[in-house]
Amino acid sequence: MADAATIEAPVAAAEHGAHRTSTGLSNNKIGMWLFLASDCLLFGALISTYLLYHDRISALQLGPDAVFDIPFTSVSSFVLLLSSLTMVLALSALQRGDIARNRLWLFVTAMLGATFVGGQVYEFTTFYHEGLGYTTNLFGSAFYTMTGFHGIHVTVGIVMLMSLLIKSLRGNLTKENAETVEIVGLYWHFVDIVWILIFTVVYLIEVS
Amino acid sequence: MTVVQPGLELTTGTNGHATNGHAKRPLGVFTRPQSTTGWKSWLFTVDHKRIGIMYGAAALVFFLVGGVEALLIRIQLARPDGKLLSGETYNQIYTMHGVTMIFLAAMPLAAAFANYLIPLQIGARDVAFPRLNALSFWTFLAGGLFLNSSWIFGGGADGGWFNYAPNSGLPFSPGHGIDFYALGLQITGFASLMGAINLVVTVINMRSPGMTMFRMPVFTWMMLVTQMLLVFAMPVISIALFLLTFDRLFDANFFNTAAGADPLLWQHLFWIFGHPEVYILVLPAFGIVSEIIPVFARKPIFGYHFMVFSGIAIGFVGWGVWAHHMFVSGIGPVAVTAFSMSTMIIAIPTGVKILNWLATLWGGKLRFTTPMLYATAVVAMFTIGGLSGVTHAMVAADTQQTDTYYIVAHFHYVIFGGIILGLFGGMFFWWPKAFGFKLSERGGKITFWTMITGMNLTFGPMHILGLEGMSRRIDTYSKGFGFEFWNMVVSIGAFIIATSVLTFLVNVVVSTAKYKKAKANGTYVNPGPDPWDARSLEWMIPSPTPAHNFDEDIEVHGLDEFWHRKYGYDENHRVVRIATAEQVAQKGDAKNVHLPSPSYWPIVIAVGLPIIGYGLIYNLWLCVLGGLLTGGGIFGFALEPPDDPDARGHHDDHDDHGGGELVTAPTSEIEEVAHG
Amino acid sequence: MNKPRAGWRRLSMSLGAGIVLVLTLSGCAGDDGELNTLEPKGTYARSIDRLFTPVGIIALVVLALVFGAVLYMWFRFRVDEHVEGDWPVQNHGNTKLEITWTIIPLVILVIISVPSLATLQKLNREVKQEDMTVVVVGQQWWWEFRYYLGDNAKSYDPKVDKLDGKKPDVVTAGQLVIPTGKDVRLVVTSRDVIHSFWIPKLNGKRDAVPGRFQPWKIEADNPGVYFGQCTEFCGLSHSRMRMQAVALTPADFTKWVSDQEAPYIPAAASDQAWLAQQKDVAAKKPLTSAKLPDPEITLADGSKTAAGIVTFRNICTRCHLLRGVNEDIYTAADQVSGAAPELTHFSSRTTFAGGIFRLYNADGTWNRTALEAWLRNPPAEKDAYAEGKRGMPNLGLSADQIEGLVEFLMTTGQVPNKDVTIPATEVE
């Protein structure tokens, strides 16, 4: 309900999007949840495509077991998982009003994400030099497309984190609009979860 | 107790942003658009009503384009061995007819209603994300124009709207038509997804006090289900189109059968989207019919909860029937059996809807105005499509029917008989609310009867042609198969439909001219807030809807809130009037209401997208240009506060002092104004 | 105000009556169309028809009830204007009633699903046939039929068929010849895009999907020609991709098979000797890049058949195989699909070019005109992307070459029995 407090503090209300809503949740948060729900089907379609095609290769061509480097990918997966933790730390710091810590953890999260993307670029380059190009076979097309889409998601997440950081440095990211960080966090965790799924389905089950 | 602006980013922030340079001049260069009249006010508007009207106008233009394509098809097929179109042109025309009608006419026309009506029906001032709404529209329009620009650049897509692989691959369709198809639908797909998220949030979060989910009109409910379907269906077609694009442009192997690809992957992805798409198209029409019938029958909708839950059931089961498009593709007997059963099951909630409409009509005082004629016709005509649908849920029978004109007949009874008739009824019904005058009833009835005659002459005989073995998607047929007579009838019917559409356009032009003339010479009589003695909130505000929608929040106590404010029951449970519509309705005279500010960025972002598309097809440098536009647009969009306190409020026809003053108006004052 | 209203009512009434009339007529229409699904001529098509007809009737009854209700209400409850205070009983619903009409359709659907699933079962049961398997192959824009007979049928495995390795016993194009009264096992596939194999009077359709070998079957009760049409959109000449099933009595069929198995042998002994000599020369010559014999080899004796053979070996070999004539030099068709119709026993068929042109006139005489026109300029007769190697190109044949080819092709097979196998309907 739009109570007196809201009306007396219009500035704060405008800043935080704390308007009366039917559910009490902010529009932005529900919007993000819906987007992520939609994104589930995006990755669902990509992973299905991969699963349909990953073993459709002729004997002479490079397949998953030939190119995958599980230890390497495990490390980069761990890095990405770690970034979920730092994301949580960033949010809780801001909720406590600890802006310095918030900046630190946002930066660390972004850097961990960048490390992961860097690892992916390295991995792609290696595979390519081993002879697995995008057009080599069905496995190649499906693998690069799926992990590429995920990599783009991580990259977009990094851009969002950096934008938050810039916003914070300009003094516009405070305890009151911690929800913005929370929403970016939702996205970031989602991207992590998708990676866990891809790592399990694509790398681990494949090779074992 | 109520504030002027519920929900929304409407709080009248004052100096919060004023110190921020970005708010005043985004990127330090531009001021925000300020016009409230003229073409600029349309280009940069974020008003859900204007966006709705633009959706409608664009959809009607594409509807005419698709209609002309249909007429070309029918001239070609009127007689055996038609020579009007070459095989190549015919395949492009029939492909673009389907694509245009589904993605560029029916969907956006439904989006027009959704945009215009959902906020009004739930008592909100706008949608949840007004700028995103503008972005959805411009992106849709950009995608639609991009798709149709393929006619200039060497021809449209030629693989059918379903565009089965591997026929859509480079070896079999070396022109650029299918690239335009894939990229164009990708763009309109983004638009649909953004629009859907926006509208779902609006319905979930922006309802007026007391407007619980089960007090929402059936139309809003059906639209909610539709938008949820879009949220989940669009990413699937997105991926399908990405895979196709990567195959064609970057030599990937997804549909390359030589590399071992399975062409059925495309079919699964396409129909996992494509079948929910059918309900995405038809549920809005169901919603419109459910609004019109109670008003003109003078009875509440029969079994409101059944209506709502059957809609939700259709939405759910709609996900489990996609493979009924693939009964003869070879998906295996178990899958075929399962999908046959699920397809039959979906007939049940649909049947419930038909029967509940009939029960609503039963015993009512049926006043057959034009909207009512359309709504009743939907009940009858959709039933034909539904029943023929049951005959191909039986797989064995479907092995004879699929890919013949019997199917063409079936889905045109669904799409034309259900959707188009429903949307036309909706246009006649809500026209006074949107524009402040009714369309001519006489003209409306001419349109209706020619349309209903035309559609039955066109699509009725297609059943026979299909059973006689006429295949779909054939550019000519030979003498001797017995197809001649009915094809001629079908073609004549198509021209009767065209005539009916023409009469509609004449009606719009003549009625508008009359309205303008009346306004000019002072004889204009406003239809009032409630021209049809209707039931839901949108009729509780003046016609045309004021820019700010509601003067103040409406406290909702039940379904059909507006009706219950006008009528009550006496001790014998007879309906008695307790107030006139004018007494109950808001005056629309609230002043200094702060509305979301217009923005340049939506159209900038949208313009960049087709340029990226051309770039992918012709020259990657164009991609850079388009990417800069879109990327820059997104940047500007993100930095711009959704509601710029530094800009003038947008158009508010009751504000005698000009919107500029509201910049400094303290909130408390605005509240007083609203109450006073 | 009243008058135009009455006029409207009259007009709407007559229009309504017109629509009902049209719909009624629709139900009765049924001229003897070659593709008519309502005139089954075989077991499976008949099962489908027996399923469709009663369900169609149920659907029409339901439709009549709904239309009846709407029309009844139109007359019974119609008012010209809403009058202040004149309100019907406000009925918000009736749960019992609504549950009833949720259950009734459910019951109807359950009932009709029984025969529906039974028929489906019948169609899906694979033919356990040991002595004959026909692989039906679609490509732009014609059908190939590859017969595996006897032991070859027994050992035929769709999982390993690549359409090249193991050679079938008989290969034809455009026309599927089957014995009457027998479930013929079909395996449907494609060489390029998706097509759909459909002989409406004998059975429903099955898609031909590249890379998939899908089981289907067909049965005809009586001898005759049964028309078919590709029903999955397959590009430019989709509408001109037709086929016929030709049903012969079992005895005729056995004879047909033995005819087909034999390679072509010229009738005249001089031509025979000459052809053998040609092959000899080709075998001794080092293969050119095009693997074609020297075009300068010309005939010695002026026989028109021999002239046709020369043209065929020199030019047609690029795409077509005719066993007995050019199997020594033929490798593969220079087409996107890698195939062109095999022309062995060409003149035993009654249509050509994807089942659209008649090879024989209704009186059983050779349709020379059609074949000559085709050889003169195929793309003008049937749309194709010849330059893109999808369809037969214009080979620029001279009148003499065409005459020779026609004379030669006339002699390639047993002339069909016109009473059984020559379609009554004009095809193109």
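Order of writing sets the chain letters: A, B and C. Residues in each chain are counted from 1.
Convention: a residue touches a chain if its C-beta (ideal position, glycine included) is under 8 Å from a C-beta of that chain, and two chains touch if they have at least 3 such contacts.
Quick caveat: nothing in here was measured; it's all calculated off a predicted structure.
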item: Chain with minimal offset from the mean of all protein Cα atoms; value: B
item: Maximum centroid distance from subunit C, chain identifier (CA atoms); value: A
item: Centre distance in Å when subunit A and subunit B are each reduced to the mean of their C-alpha atoms; value: 32
item: Centroid spacing, where centroids are CA-atom means, of subunit B and subunit C in whole angstrom; value: 40
item: Distance from the mean Cα position of subunit C to that of subunit A, given in whole angstrom; value: 52
item: Subunit B: positions in contact with at least two other chains; value: 260-262
item: Of subunit B, residues touching subunit C in the complex; value: 86-88, 91, 158-160, 164, 166-167, 171-174, 257, 260-264, 297-300, 302-306, 328-330, 333, 336-337, 340-341, 344-345, 347-348, 351-352, 354-356, 358-359, 361-368, 376, 379-380, 383-384, 387-388, 390-391, 393-404, 442, 445, 449, 452-453, 456-457, 460-461, 463-464, 467-483, 486, 489, 533, 567, 569, 573-577
item: In the complex, subunit B residues that touch subunit A; value: 2-3, 6-17, 128-129, 193, 196-198, 200-201, 204-207, 209, 211, 231-236, 238-240, 242-243, 246, 250-254, 256, 259-262, 265, 269, 272, 638, 643, 645, 667-668, 671
item: Residues of subunit C that touch subunit B when the two form their complex; value: 4, 8, 11-12, 15, 18-19, 22-23, 26, 29-38, 45, 47-48, 51-52, 55-56, 59-60, 62-63, 66-67, 69-70, 73-74, 77-82, 84-95, 97-98, 101-102, 105-106, 109, 112-113, 116-117, 119-120, 122-124, 140, 188, 192-194, 196, 200, 203-207, 209-212, 214, 227, 229-240, 336, 356, 383, 388, 390, 425-428
item: Residue ranges of subunit A touching subunit B (in the complex, touch as defined); value: 1-2, 6-7, 10-11, 13-15, 17, 19-23, 25, 27, 30-31, 34-35, 37-39, 41-42, 44-46, 49, 52-53, 56-58, 134-135, 137-138, 140-142, 145, 163
